[in-house]
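Structure first, then comments.
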Amino acid sequence: MTKKKNLRLNSVSVGAEAVIHVILAAFSLCCIIPFIFVLIISFSSEDSIRAIGYSFTPLAWSTEAFSYAFDKLPQIWRSYFNSIFITVIGTVVSTLMCALYSYVLYRPDFRFRKFFNFFSFFTMIFGGGLVPTYIVCTQLLGLRENYAALIVPLLVNPFNIIIMRAFFKSSVPLELIEAATIDGSGEYNTLFRIVAPIAKPGVATVALLNALAFWNEWYLSLLYIKRNKILQPLQALLMELQNNVQYLNQMAGQMGASAINEAAKMPSQSLRMVLVVLIVVPIACAYPFFQRYIVAGLAVGSVKG
Amino acid sequence: MKKLLSLLLACLMLAGVCGAYADEALEPVTLRVWFHGSTVTPDASEKVMAEVNAYLADKINVTIEPIWGTWGDFDQATTTALAGGDEVDIYFTCNWSANEYNKYARDGYWVKLDDMLDAYAPELKAAIPEGIWECAITNGYDGMGIYGVPALKDTATQNCWDVNGTLLAELGYDVDAVCEAGLDYYSDEFEEMLQAAKDAKGGDFYPLLIEPAVLERMVTHSSIITGDLNGANVLSYYYDAEHPSADIGSTIVNKFGTDEFAKFAARTYEFSQKGFISPSCQSTATANDYRTATQATAEYLFGTQSYAFGCELDFSNARGIDVRMVPETAAYMDCTSGQGAMMAVSITSKNPERALMFLNLLNTDPTLMTMMNYGLEGFTYNTNDDGTITFIDDARATYSPWTNGMGNIRILPPTDAQGVGFWDSFSEYYNAAETLPYGGFIFDASEVETEGAALANVFAEYAFNLMSGAVDPAEVLPEFQAKLEEAGINEFVSAAQAQMDAYLAG
Amino acid sequence: MVRKPAQTRRPRGRWLDRNKKTLVLMTMAAPAAIWLLLLRYLPMGGIVLAFKDYKVNPRNPSFISNLIHSKWVGLKNFAFLFKTNDAWIMFRNTIAYNVVFIILGIIIPVALAIMMNEITKKHVAKAYQTLMFFPYFLSWVVVSYFLNAFLDAQYGMLPAAQRAAGEAVTNWYTTKGPWPFIIVFANLWKNVGYTTVLYLAAITSIDTNLYEAAAIDGATKWQQVRYVTLPHLRTIISILFIMNVGKIFNADFGLFYNVPMQNGALFPVTQVIDTYVYRAFMVTGDISLSSAAGLLQNVLGFICILGANAIVTKIDADSSLF
């Protein structure tokens, strides 16, 4: 059966599809406009913002805030590297760990399935809090002033385990596993050669969630990277600049005349948006890579596998 | 700890080296010091610290490992490190952020310094005026005492009207005469001037540029009680605007329950209704951005400013107008300014006595203070013939610790902008400040913590809108008052007053 | 870590053989299980903080010794949550918003995912889906500034339009009425794209032969959705539902704190447990208070999750969480 023929055979009427397009296009527009707005502001001159506030049509354009950010952040390229490094390693390892654990939970014939299921689920609800976790990480595991401190604490997310298990459950028939076992396929082989390829959209989704988590992370750096700041990921670096700017604005009165002057010179309002642009653009560019797998089977009639 | 201390003390006595500790017996140690508000890149830090440590090795055989805490991350990162028992020797601390000096002293995080100061930091002890040491005395884990070294910086508070002299002259007023006479928030003249500016500049111009909480303290002449809810002050203590040290029979009161507050709120609401206050000043989230922006463009007539010595010159230059500072109150000293920046020795420190030696040197040795604060000659600054320094802007941008947070800044060389003799007039101004009648009183709110937590939320719901004139006090103030009482304002106030009575009696 | 199988006296080799599958599967679970044990279970000892007045033990200032050294204070740390009559407002707001988020957060993304699946031009569907994901990249702070560009009393576009039309200007940040809708819309706007991806991934993993078979049997599009797609999504819908119910006492702090610009006049419709606790923490700096509040939220959430799981199990045992 050819793809074309199938498409017209089993799809909604042209009219219905038009309605769908209208709805989705309207919502998509809603979603992208704020980002366009952020872009416009990041290129607005600070004088314009001071005169008329944030606007889609600024009085004057400027790259002042971008140059300010790059001036204030000589480390920015190193931080880009750190972020990419952490995100790549973190995503691969965490997705792998998640797939392994979820696969075990998905196997109804695994004796301790219920135990392990509850073991991960319970941590989604209860946690020890910030300080005890901090102590375990720094004092027991040595997670401070190194890359591991930025990766290890985020490796497992029970939410992703549950999602991945649901994907395995709904897309991989158990008979397939049984057949593979009878054929003499080992468990690892079955997971990587049979289960994972079938559940590719699920694996890609979880990988995407992981990648976003690593890319956006700044709190770990705040806690664990204090002296060896060369390891700071981009998000943490930007956050720090943003906080400095905000504090200067807010507390300039307490910090003496030089601070007030410094505050007055900053393009603080456009800078805020510049920082968003700097962090969002790279990950938005990486997005289609994941999407290829997630949407791979999209549209009725596309050939699977 | 105590044993070690007395042992060391005994050793020192025996050797007869009280004060003169620079002998070969000192073991090399590394001290981790956590600074605040810094913008320091790793490269710049490495470069400066190499020199600093070489210098320190000769002096006290100490190596410094700095942690350059920044403004925003500091609150959470430091509190976690403290609670987690990190091995840090010296922490920056103060009374205006989450890194609260008094609270951490009470909970046992800081080493009590009283005895050690005399033994290891006699020059430091002498360099800081008695009144400022007074402010460092707090009721800590090991009883009343000094748990941190206060920075000798801008140690007084003075609330001023920030007057746009250029605009005032344009409106046909005699600027000198107006400034000389002073400004009265409740007077008709004050209102007339605002109205004149509004009429002259049009409907989008808002002549009164305020920071609501500062305006309230300024107009009602109330001080911040140290230990009151951080960022959500609910206590007032009224002082005499001309002679802050005079005892006028004040007590601690519920800030929002007084006639003074009602009068202030009514007046502010009136000004807001007349279009003198920008709506952007009335939203917590936009107020700071708006204020900075509007100051920069000089689109105001009167503003509020907590005075910093010499700031009118800086402002005039930055804004391109004639900025005048008109005092509303005299300069006064209390613990809020006295505890503005401090260094405390952590209980986790293995070498508290060496930490104090470092602090002693930092606060009394201009070479070390200059290196730590301004960086290196030829790298971040150059020295001029008259002894002032000129920053090399690009390098200075990579190494800018928070100047005032480092310690005794009065031993720094003046910058070219400050001019020769700056620090003398600086000291003169701040040393002349009077101390409020309650002196070094610090309120310990831990016994009414539950009330405090609830009050902070009630405060957030009403206070800003009332103090910025966004809502009508005739309607809102009674409702606010009722909720404050429900949250326990009366218990909170009486706890503070009882402690103050005990403090003044003892 | 894991319960050892009951003691066995049989020869070692045969025991290994019989349990080979279990052992291999356990090696697969081990990395994540060890991680959970170290980074999640070990710190749980810290839960006792909620019942302690945390102070340093100067004799031995390590966290564990401090914890032991600190005084028990019973339920005192929970008292601040119930100090005023406003407590019920924040509980009500937290739960009511979450219920709405849960219901709409299922219906809308499922509908969008199904619609997207019906689009014949795949690259257009991809484009929509990419765009929908963008809000997820923007923090609530940035969103709040975007909204402010419309609503700001001085510079906002809506007040400007009102002024131009000669109407009275609304001060949006002190007018409660519209805010429940703004909050709900903002939440959906930010999260729908993200959840849609989950459902879309579930739909794309449905075997297309099922649709073809249904179509050949004469099923209409609606019937296909009803009898093929929805049953297939049932597992993931139930799981997301149960997990969200477990968080019903936890509000999205950034949304409720930043989007209304922290304006007190809006508290009756924007104050939630998390914003209340945050403000309390900022003035007291007491980790015991936030631990207590967190524990209460978790215990209540846990009870709800058990309930939700029981209900789902009754309807469809396969879709339950545990």
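What to note about this one:
When the chains are written out, they are named A, B and C in that same order, and each has its own residue count from 1.
Convention: contacts are C-beta pairs under 8 Å (C-beta built on N, C-alpha and C of every residue); 3 or more make two chains touch, one makes a residue touch a chain.
Everything numeric here is computed off the predicted structure, so don't read it as measured data.
Two chain pairs, A-C and B-C, are weighed by contacting C-beta pairs, with A-C ahead.
In terms of the distance between Cα centroids, subunit A is separated most widely from B.
For the pair subunit B and subunit C, the distance between C-alpha centroids works out to 40 Å. Centroids of subunit A and subunit C (each the mean of its C-alpha atoms) stand 16 Å apart. For subunit A, residues that reach two or more other chains under the stated contact definition are 130-131, 135. Contact with two or more other chains is made by residues 83-85 of subunit B. Subunit C has residues 63, 148, 152, 154-155, 287 in contact with two or more other chains. Chain contact summary for the complex, subunit C toward subunit B: residues 54-59, 61-63, 66, 76, 79-80, 83-86, 144, 148, 152-155, 171, 173-174, 258, 261-265, 267, 271, 276, 279-280, 282-287, 289.
Contact residues of subunit B toward subunit C in the complex are 1, 79, 83-85, 98, 100, 103, 107-109, 141-142, 229-232, 278-280, 282-286, 347-348, 445, 449-458, 460-465, 470-471, 483, 486-488. On the side of subunit B, the complex with subunit A involves touching residues 34, 37, 39, 41-43, 65-73, 76-77, 80-81, 83-86, 96, 153-154, 211, 214, 288-289, 291-297, 305-306, 308-311, 314-315, 318-319, 340, 397-398, 402-404.
Partner subunit A is touched in their complex by these residues of subunit C: 2-3, 21-22, 24-26, 28-29, 31-33, 35-36, 38-47, 49, 63, 112, 115-122, 124-139, 141-143, 145-146, 148-149, 152, 154-156, 189, 192-193, 197-198, 200-202, 204-208, 211-212, 215, 221, 224, 232, 235-236, 239, 243, 246, 287, 290-291, 294, 298, 301-302, 305, 318, 321-322. Interface residues of subunit A facing subunit C in the complex, by the touch rule stated above, are 1, 6-7, 9-12, 16-17, 20-21, 23-25, 27-32, 34-35, 37-38, 52-55, 97-98, 100-101, 103-104, 107, 109-112, 114-121, 123-133, 135-137, 140-141, 152-153, 155-156, 158-159, 161-163, 166-167, 169-171, 186-188, 191, 198-202, 204-205, 208, 212, 272-273, 276, 280, 283-284, 287-288, 291, 294-304.
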